[in-house]
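You will see two complexes here that share subunit A, one where it goes with subunit B and one where it goes with subunit C.
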Partner chain A sequence: MTTSRETPRKTRPRTPGRGVPLALLAPALLGLAFLLVPLLALLVRAPWRSLPEQLTSPEVWQALRLSLFCATTATALSLVVGVPLAWLLARTDFPGRGLLRALVTLPLVLPPVVGGVALLLALGRNGVVGQWLDAWFGITLPFTTTGVILAETFVAMPFLVISVEGTLRATDPRYEEAATTLGASRFTAFRRVTLPLIAPGIAAGSVLAWARALGEFGATITFAGNFPGRTQTMPLAVYLALQNDPAAAIALSLVLLAVSIAVLAGLRDRWMRTV
Partner chain B sequence: MPETMPPRPGKGPAPAGTASEPGAGGLDARLVVDRGSFRLDIGLTAAQGEVVALLGPNGAGKTTALRALAGLAPLTAGHLRLDGADLHRTPPESRPVGVVFQDYLLFPHLSALDNVAFGPRCRGAGKAEARAQAAEWLERMGLADHAGAKPRRLSGGQAQRVALARALATHPRLLLLDEPLAALDARTRLEVRAQLRRHLAAFEAVAVLVTHDPLDAMVLADRLVVVEHGRIVQEGSPSAIARHPRTEYIAQLVGLNLYRGHADGHTVRLDAGPAVSTTDDLTGPAFVAFPPGAVTLYRDRPTGSSARNLWHCAIAGLETHGDQIRAELTGELSLAADLTTAAAAELDLHPGAPVWATVKATQTHAYPA
Partner chain C sequence: MTRSAHRPRRSRRIAGAGAVAVLALSACSAPGPDSSPGSATDGPTGTVTVFAAASLRESFTTLGERFEEEHPGTEVTFSFGGSDALAAGIDNGAPADVFAAASPRTMELVTDRGHAAGSPSTFVRNRLQIATVPGNPHGIDSLEDLTAPGLKVVLCDRTVPCGAAAQTALGAARIALTPASYEQDVKGALTKVELKEADAAVVYRTDVKAAGDKVEGVEFRESAEAVNDYPIALLDNAPNPSAAKAFVALVKSPEGRKVLGEAGFLRP
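Entry: the complex of A and B
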């Protein structure tokens, strides 16, 4: 290898087979295949010939537009409340903060369907909060586009909070102190110093949250239902299409796969530039 | 290292009262901060135009004192008055205090100019006005060419000056510097120390700097306050402290062997055991000090030596000190001795080797404790 002193500077690429025990290599390759084969299957069985026609159908466009709109709005909503929440968790000290942090991250591990049921119980027409929204303002959330946005926010916001909180913890809090000694209030220090410093974390968290919102299924169908044009997002459309028009389901899936790959590429680019 | 401080240029007439008088200009503080098992309790006063250095080992509480002055660490008890105004309950953003942090903490996303303009902006200046003021400060620091540079493009010395300009741009009545030269390499340090000294000399309000480096403290400050374990152990002018150290830490800083004991005429009976003969004449609790260079070592008990201070010791350690070798001795008396490399070789010194150490009475110095 490159241990001898005469070896030229040019480093040879490491060959993965060399020195890797078979007991590790075999399951590793099996795992890799397990992850990649379904994606390949999607490409192999894609109705390439009828694809342009499938993708330009009004139903697909409707679902795609609704998905993009809801995921983007949910991400914006997550930013508005999630970044301050992340700051609170990272920068202040109060009793029960650890518990609160755990609760904030609960939607990450909670089955989305359960999230949908919980949202119904809270914001449904007879829900704990929803009954008052209905009685006082005449606002009904379930089975509306707003309901989709709320369901997606519920599921996606923890990704943003976790990402931003992690970045905040990695950022020296003494920058805020320095700003304070220069006459900045705590909010000014946050806005003019901390926010620019954690921008990469916010961007990464937003992309994660957006991708999660775009793929959201369980909470959406439970809380907002499946009405084309109003609450039927791409994942719901895929599921429905699979039962009566598999070719359309594959086409829709390809679109989501393409979006996911684009997100990954975007994230990678973001890390490369900022890290 | 200059022996005495030259008069400071650019200072107004000295205030009539001292800072400890209520209502007088300057700083008057008693800082008490409880932090679990650690307690800081120091009184600190400084007149306008005075530069005070808090000197002490790591963990002595110097930085805590600085944070308390800036309002970043709450006082458990005590008081804090600056130019007669009570700042005890004033939040940090409203205190007329500027801070130069140890690693400067320049905002990485802002240019040098915008870093300096940050303070004036927060204190109500318009964007253009704040930038004009900042440009003026950078000009004064000789950094006009680097106004547009981001902090990561600045050298250590430049970053230090930007940090100083940023702190001064808010016109503080109290300037705090936390280890202002610690982040610099030795060569830059020399140059920046001289510049900083000039800027501090021109600063008309109170400056308090924290350092563990005695040279920085002695060059930059008018008065040293030595802090150990959260307490003040000695304060005074640099030269007074160098001549009469009162703790082992200070003695080591200024390169002296220091012992505490009880004097009776020309003999000081040390708390550590043996007695030391001196030429000074005093009675009562006393310190005795002598430099490591005054110690002479022998492998066999000297017979013809006129030295009256003779102790049997063993070598505990040897290290190179410039072109000299410093030997740490234990035994009847723990002390440091300096000798030439040739002498060390001739004596065949090695850790554990028994030696006799002598010091002439004329080379010791005794003073009341």
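Entry: the complex of A and C
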């Protein structure tokens, strides 16, 4: 089915003398089909007739609202601490910086469930830090919405840090140096000169982090558990619905797909192209 | 398998693609060269793949080792998980020989779609218990004590048998309990108590026993209202039916009963 759909593309390259070699075209189309067919399947098998009913159920909205709130808050948290961290990694020189940089990016490659276990051991009620939070302030994080936000921040922040750090490295530090020689403090230079320069990188990093947070599953279910309205985000709802109500799982998946497409479409013209 | 059942099955098939990927990977052991039924002349050989409820982990692992000892040349691979997730996996074509579920309802998900060979039979029963942190510092003595303010209780999600049973017991006791979390299987609920993140969980007595001194079990009256039957069945598309049959026979044999009984399971 997919091959017949794509055959017209083979005749498409019009520029003479710039034909695409078959050895590249075939795997490229295979890759394209591999990425697109599952999404098409979601649309083909969607329970369109019962969809309005599925989507207007309070459970779906509850999960979606919680997901959007948590992902946005996690992105904001990542911005507050992640941008300074990226600056530290890009602009200062201290022993062990390479190692530190590697450690910061570790959550990128770490399975999220492992991140969830690590968070439990660190911030759980009985955790290394968590037991003091509980004893001194009476704060317990697992099974709370705050726990969801922290789990999402843990997996999403490295995306922001890497993106911002890359942009900082590509930016000429002499602008900042010029500002400081003209009397600005290093913080003022960062705020007035560096930040506007790296804004596109920050924006791209935020989108990546937000999308990662929105889709976060493993760390969330491990650290924050699953309770509707409090910690049950969309991905958790999809996973649990799949086991006894596949139609609901597809409906929920469509919502996430629509949100993702909306974000990509909305941001493409503004920010993505400049990066 | 029938044509009329084709359409709904296809939609489930797509929906459960993720579950299949996970389950197929966990059950991804190459069937031995003798896995075809005809070539098994003297005793079972090759790999048997068993999908079993999470609560069966300890006892079935023991039985798997016994089976491999008794039938050299065989290998038993397990996929333990929530019965509903396993049923969805089987429905989506995960290559399993045997399915042991923690409730007749989850077994029906498989038998109703014609994935079982023959009818399933109940091999054990299981009762709920409250698992508390060691020493029971909150003095939990009944189901009602779980509603105490500030107490963190986790339950299984109601799609999983242990969660459904817990809801039945709570309903019988007319207790409204708001847990901290609905966990995806019984071991997930138990782990939260073992890590002391939750004060108590409603799990099976077999899980409390398997956890040793990491949790303390508390019997409660209403557990009699929610006793789970565990059915076991051979699967229609079993890659290794002869060895699968032998494994089910071991589970139901006096030896199997002994291992399951020691784990705290009740006789059917």
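By our rule, the second predicted complex is superposed on the first by the 244 of 275 C-alpha atoms of A that agree within 3 Å, B and C clash if a C-alpha of one lies under 4 Å from a C-alpha of the other, contacts with A are read in each partner's own complex, and residues count from 1 in each chain.
In this text, contacts are C-beta pairs under 8 Å (C-beta built on N, C-alpha and C of every residue); 3 or more make two chains touch, one makes a residue touch a chain.
Model, not experiment: these values are computed from the prediction.
Going by the contact rule set out at the top, does A:124 touch subunit B (first), subunit C (second), both, or neither?
second
So, does A:38 touch the first partner subunit B, the second partner subunit C, both, or neither?
In the superposed model, A:38 contacts subunit C only, not subunit B.
Identify the partner contact of A:243: answer first if only subunit B is touched, second if only subunit C is, both if each is, neither if none is.
second
Which partner reaches more residues of subunit A, subunit B or subunit C?
If we count touched residues of subunit A for both partners, the winner is C.
Classify the contacts of A:226 with the two partner chains as first (subunit B alone), second (subunit C alone), both, or neither.
second
Return first, second, both or neither, reflecting whether A:142 touches subunit B, subunit C, both chains, or no partner chain.
The second partner, subunit C, only.
Find the residues of subunit A that appear in the contact set with subunit B and again in the contact set with subunit C.
none
Using the touch rule from the top, collect the residues of subunit C that touch subunit A in their complex.
Residues 10-12, 14-19, 82, 84-85, 87-88, 152, 154, 157, 159, 179-184, 192, 195-198.
Which subunit A residues qualify as touching subunit B in the complex?
Residues 172, 174-175, 177-186, 188, 192-193, 196-197.
Okay, in this complex, where on subunit A does subunit C touch?
38, 41-42, 44-45, 47, 120, 124-126, 140, 142-143, 221, 224-228, 231, 239-240, 242-244, 246-247, 249-250
Quick one: in the complex, what on subunit B touches subunit A?
70-72, 91-95, 97-99, 101, 105, 107-109, 118-119, 122-123, 166-167, 170
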